[in-house]
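So, here come the structures, one by one.
Two complexes follow with chain A in common, the first pairing it with chain B and the second with chain C.
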Partner chain A sequence: MAAHSMVYLKGMINLKKRSEIIKKFKAEGGQIAAIAPYHYPKALFRAFNILPVELWGPPKLNTLESKSHIQTYICSVVHSILTFHLKGNLSVCDYILIPHTCDSLQGLGSIFLDFIKPEQKAFTLYIPRGRRQVDIDFLSKEIEKIYNELQKATGTTPDKNELNHHIETEEQAVSMVKKLIKNRAYLNTDDYTFYKTIRSKEYLPAEDFIEIAEEFYKTYKIDTPLNKKPVILSGLLPEPMEILNVINEKDGLVAGDDFATTGRRLYPKSEGQNPFVRMAKSIVHSPPDSSRGDSVEARLNHLIHITEKTGAKGVIFFIVKFCEMEYFYLPHLRKGLSEKGIKSIVIDTDINDELSQQTITRIEVFMETLK
Partner chain B sequence: MVKAMGIDVGSTTVKVVVIDKNKKILFKHIENTKPRIKEQVKEVIGKVKERFKGEDIPIISTGYGRKLVEEAKKSMTEITCHAKGIYYALNTTGTLIDIGGQDSKVIVVEKYGRVLDFTMNDKCSAGTGRFLENTAARMDIPVEKIGEIALKSEKEVKISSTCTVFAESEIISLLAYGEEIGSILKGLHRGLITRIVGMINSVAFTPPLMLSGGVAKNRAIKEMLEEETGYSIKMPEHPQLIGAYGAAIISLEQNI
Partner chain C sequence: MNVLKKLKYALMTNLIGKPYLRIERKKSEKKIAKLFNPDSPLNPPLKITAYTKEFVSSHYFKGRYIEGVKPVAWVTSGAPIEILKALGFFLIYPENHAALCGARKVQMDLIKTAEKEGLSNNVCSYVRTDIGSLLSGRTPAGKLPKPDLLLACSNICQTVLHWYRMLEKHLNIPLVIIDTPFVYNEIEPHQVEYVKKQLLHSLLPVAEKIAKKSLKEKELKKVIKFSKDATELWLEILNLCKEKPSPLTVFDQFVFMAPIVEMRGDRETVDYYNEMYKEVKSKVNTRKGALKRERRRLLWDNLPIWFKMRELAVKMAERGISIPISTYTYAWGELAPLMDLKKDEFEVIAKVYLSPILNRGTGHKLNTMVKMVKEFKLDGVILHSDRSCKPYSMGQMDQRNRLIEEFKIPAMLLEADQNDENAYSEEQIAIRIESFFEMLGVSYG
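Entry: the complex of A and B
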């Protein structure tokens, strides 16, 4: 099929702001849960008419407040979440969920429960590191525990059917993300617009996201692939998002990712009648992931798989500074990729910093070296 | 006659090279970078155009100010351009050390001047030309003389600060304790070289070692690098022009 080379269509989909979505949801009688990164049972909250809104920072925040309370060598995502709360910005939320994703987030969970003691109901959620039946059993109990807490807090008792209905809607939303990523080379838009859209799932109700994703697909779909250099991104999140513009300006295209925000949450469809087990199974069977303690081999094979599938020429590890779980894998992953002839580079950033000229140069050099 | 121009807008100097189809340098120019880069570059390019009147010479820009060159048909990073330039200047693959005013780079160069691996020291001015410039200024010595003074010294004082600002304070203390300027300068060069050697060890090093950038003119850098690494270092005829030369070659190769 002939390669497509055209000017990107930008910003044709109207995405509402997070604050507008929250306001509307509350006005219609719903409640809001602030969710720290990154695996959690979204459908469970929706069954209680609670909209989960994910906290990936927010980025580009002055984190002076948190620096007085926690060590500066803790990652900027955790600093931003704490600062955001200390500035009073979480007051719009009725619940706070902090999954035990890493030691820093576990620490943040303890700070919320033991010291801050916020007005909102705060939960922690332990995500097991394994992928065995015992891990599914454990996680389904953890999810059931939160169900019981929410039942007490809201005075409502969603039944099995309601829970299963929301599980299926969330799975449909995940399927839409999978479809968009799979067809990335056939969507004539820049990566900034693409990621802005798929990341709106972090705060939109699933049914709204599905509608937007379908419209997005119809608007940008082309018959021949974009003639760009495909690359894969890995890490927690694409922040600062301007990195995507740098890649596009160098004639590159993000053909797939291994981001915590997206690629690592392309959950498989679940089966069975017990909704807690279904939700647990989905999370336990998520793609290979540093936060799940997966082996280097599993993560490497996954990266090689998505690289080969998309024809990507290289992998950019876009790492949030001080993220130990990401750094640990890097030497092994880079060595394994290199043995397969796949180039890689590590770019470390602070989500609160602007993209520096030096970082831009590093990314540009990498793109220039890809044949 | 086919020609191509490369312009390297660095933090310290602006370099221009015009080459013919055989990659031979027909014209070269270096001047200090001024605060109004856009205007300066326009003026420099104007002068080159005047020299080659009536010829349409395609331009590729590089260096930290590469995006400010409106006349350029394309901009490329200095790493890609240095790799290309050194390969054709010395006619060899190997590992290039480029110590610039703003950052230092170690680039592993493969066939046809392609980048195989690279690393940059860009988060701190220690390990860059600016480190030497600042300390030379603190001692009131012209920067072009510090290498010679350092090499003449028998004694070498260890400078423990890894930060340019702290190193300056340390130098003031050492001078106050009566240390000789030459031994302090030798220690300073050693500090910079040690950082560069650390960078060489972090890439897929391939001999020979090559040197480019403004700091390459400092004899102490070359000699001490050879001493630390055990490899002799190859130097191009115009080390400061390698980035601009590489940009011009890419312009020629890509027929932009």
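Entry: the complex of A and C
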């Protein structure tokens, strides 16, 4: 891979490794929960002094072990999570949470409970597919159910104030991500560094993340926007992350995203006194999202909104192969974007593969067509 | 306008459709009689096979003229249709329609049409078939009526939610989603409450508005009773397959299950299964099996491979392999006991539609399979690893391993697809089946 554009300031923020964070948190008396993608009540775990560490793979894994449990037509994220566990890498975790995000994660959760039976306490969480009051009521009960399980497991009973305190801290962390994304064009850094930083929220305690995000903002903030071609990414996650370098090398900038890791989890602030309802409301009112079964219209309008706000003229759908929920929307989203003069491209990926030369070329050509 | 449409409907269905389908049925009966072949490993099919064709065809035939006569809804196979039936809706099941296309082997052209429009070949082949049909207007059913309402229930997969979102976009009509949380262990009260509230507050007001009438409790109870009766009869028919030799194979059941999926809640469906029960029972009484010689009995797991049904049926029968039952066909009967007519209807519907095997955990399915192997006196299990149906297929590898290692039941995974011939490798399937036959001791060699 060629060097990044020299315009950017690179790597000035020192991000600690995930393993160091986990070690430190445990040393201070906390526990760890491994969390599969992607909506979950982070504050709930923190109120029990449990650090949620998200499992987005990890990428670039040889997933031989999982292939004796799940078929090859299941996506690489699910294969990686299972392999990671079967290799013994989750032994550092005290709990495993597998939210019901799609049919494949439903299957994984079920296999974990019925066949794999890990030593850790494993939970599932059903995320409702609507945005109605009935969905908030149901999700708040699901969250309360996990609260009761954690209460039993830890012997502690965080009260309403503690829960609300953590909800507010988590909301502050989300606000920081929003601020960074909103100001992306005014942050003089490459996309790889940018995403490494905002994705550190996947494993950092919210307090630490807020601190790092603030420092990041101060370090890279400039007064005039970067003179780059803005582009939007959509999909589950930016893996392999080298895609970001390819975009930057072609004078592009990821001005916003509709990723499950980031853009789809820019939750609104919640209100009210009941912490379970607050957490449920936040998730139910998350931005439009394939995993929530949102309408084509809602997702299209959201994408158009992001492109208009950022001035992006192109959208790259970066789809993890076999992720059915993403594939469904593509013909309609692409048609709708095209009608607005926004170009788009679909790239199939496997998080465990290197970015192929063919993919690099396709992205390069796409970036060249954007004016 | 509606009066004219009603007249046309009555004319076409009663004066033209009925006699025409009756003639076709007679022709089919003659054809079935001629099918008798002393060299065939299969006994002649049930007499009711010809009536099944007439019965299912008449439904689609009515559908051609139903617009403006009755409100029309397109629904998922696991949708709580009793409410719609009680409001007078005419129902179409896109999944069944896709299966019909597969069984008639016209699905690949439709799949290509959908893919040309940008739908990935990694999307469920039922969806690609159905969307291809919608885009091209081609269907073996003649014509599908345009719906006034879409109803998707998540108890069979998440795929249907996205599928119906696409239909919503294409057809620009209301979509109601009934979200049924996946049951990892046991059904919990808050899950029942959630589904019940959706039935009452999401589905009912929209359906009543479209039907232009209010739901009557008496009517709902009547429909639930018909559903329950038909479902019980279906279960009894399947339970007759516990006998040796089995009067039906799963390949027969895949065809005979169409009315329980798309016409449950109708009196005629109860009559149909009553007739079938009598015929199957008489086969049991005379010890006449579906196969001329039943050497081994297997369980089939997952959906059928629609476009290979006949070939597989013959291939199995040639070796004396009978497949008397499947988790899929049985799923349409095993919920009958839950339909308690004395309880609150909405609570009953909520519980029933939370309970299908596809909405239950992988361990539950393994236990079901083990129980079926015992009760149906089976010698092994074929697990169809269906590329299109991830929720049914995930867990099969562990299920197969447990069947073999823990329960000492021979089991084989067959990689294929319900409708996409591109995911079917003739040679590989032949090799796998042959190896399994060897293991079961029914090899030619």
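Operating definition for what follows: the second predicted complex is superposed on the first by the 365 of 371 C-alpha atoms of A that agree within 3 Å, B and C clash if a C-alpha of one lies under 4 Å from a C-alpha of the other, contacts with A are read in each partner's own complex, and residues count from 1 in each chain.
Methods note: a residue touches a chain if its C-beta (ideal position, glycine included) is under 8 Å from a C-beta of that chain, and two chains touch if they have at least 3 such contacts.
Since the model is a prediction, treat every value here as computed from it, not as a measurement.
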{"item": "Clash or fit, chain B versus chain C on superposed chain A", "value": "fit"}
{"item": "Comparing the two partners chain B and chain C, which touches a greater set of residues in chain A", "value": "C"}
{"item": "Which of chain B and chain C A:361 touches, first, second, both or neither", "value": "first"}
{"item": "Which superposed partner A:369 touches (first chain B, second chain C, both, neither)", "value": "first"}
{"item": "Chain B versus chain C as contact partner of A:271, first or second or both or neither", "value": "neither"}
{"item": "Touched partner set for A:115, first chain B, second chain C, both or neither", "value": "second"}
{"item": "Inter-chain angle, chain B to chain C through the CA centre of chain A, in degrees rounded to a multiple of 10", "value": "80"}
{"item": "Touched partner set for A:28, first chain B, second chain C, both or neither", "value": "neither"}
{"item": "Least C-alpha distance (whole Å) that remains between chain C and chain B when both complexes are overlaid", "value": "6"}
{"item": "Residues of chain A contacting chain B in one complex and chain C in the other", "value": "none"}
{"item": "Parts of chain C lying in touch with chain A, wherever the complex brings them together", "value": "117-120, 122-124, 127, 154, 157-159, 161-163, 165-166, 168-169, 175, 177, 179, 181-182, 184-185, 188, 190-191, 193-194, 197-198, 201-202, 361-363, 366, 385, 387, 390-391, 393-398, 402, 415"}
{"item": "Residues of chain B defined as touching chain A within the complex", "value": "64, 76-80, 103, 114-115, 118, 120, 122-123"}
{"item": "Sites on chain A touched by chain C in the complex", "value": "68-71, 73-74, 100, 102-104, 106-111, 113-115, 124, 126, 128-130, 132, 134-135, 137-138, 141-142, 145, 290, 293-297, 321-322, 324-325, 327-332, 334"}
{"item": "Touching residues (chain side chain A, partner chain B) in the complex", "value": "357-358, 361-362, 364-365, 368-369"}
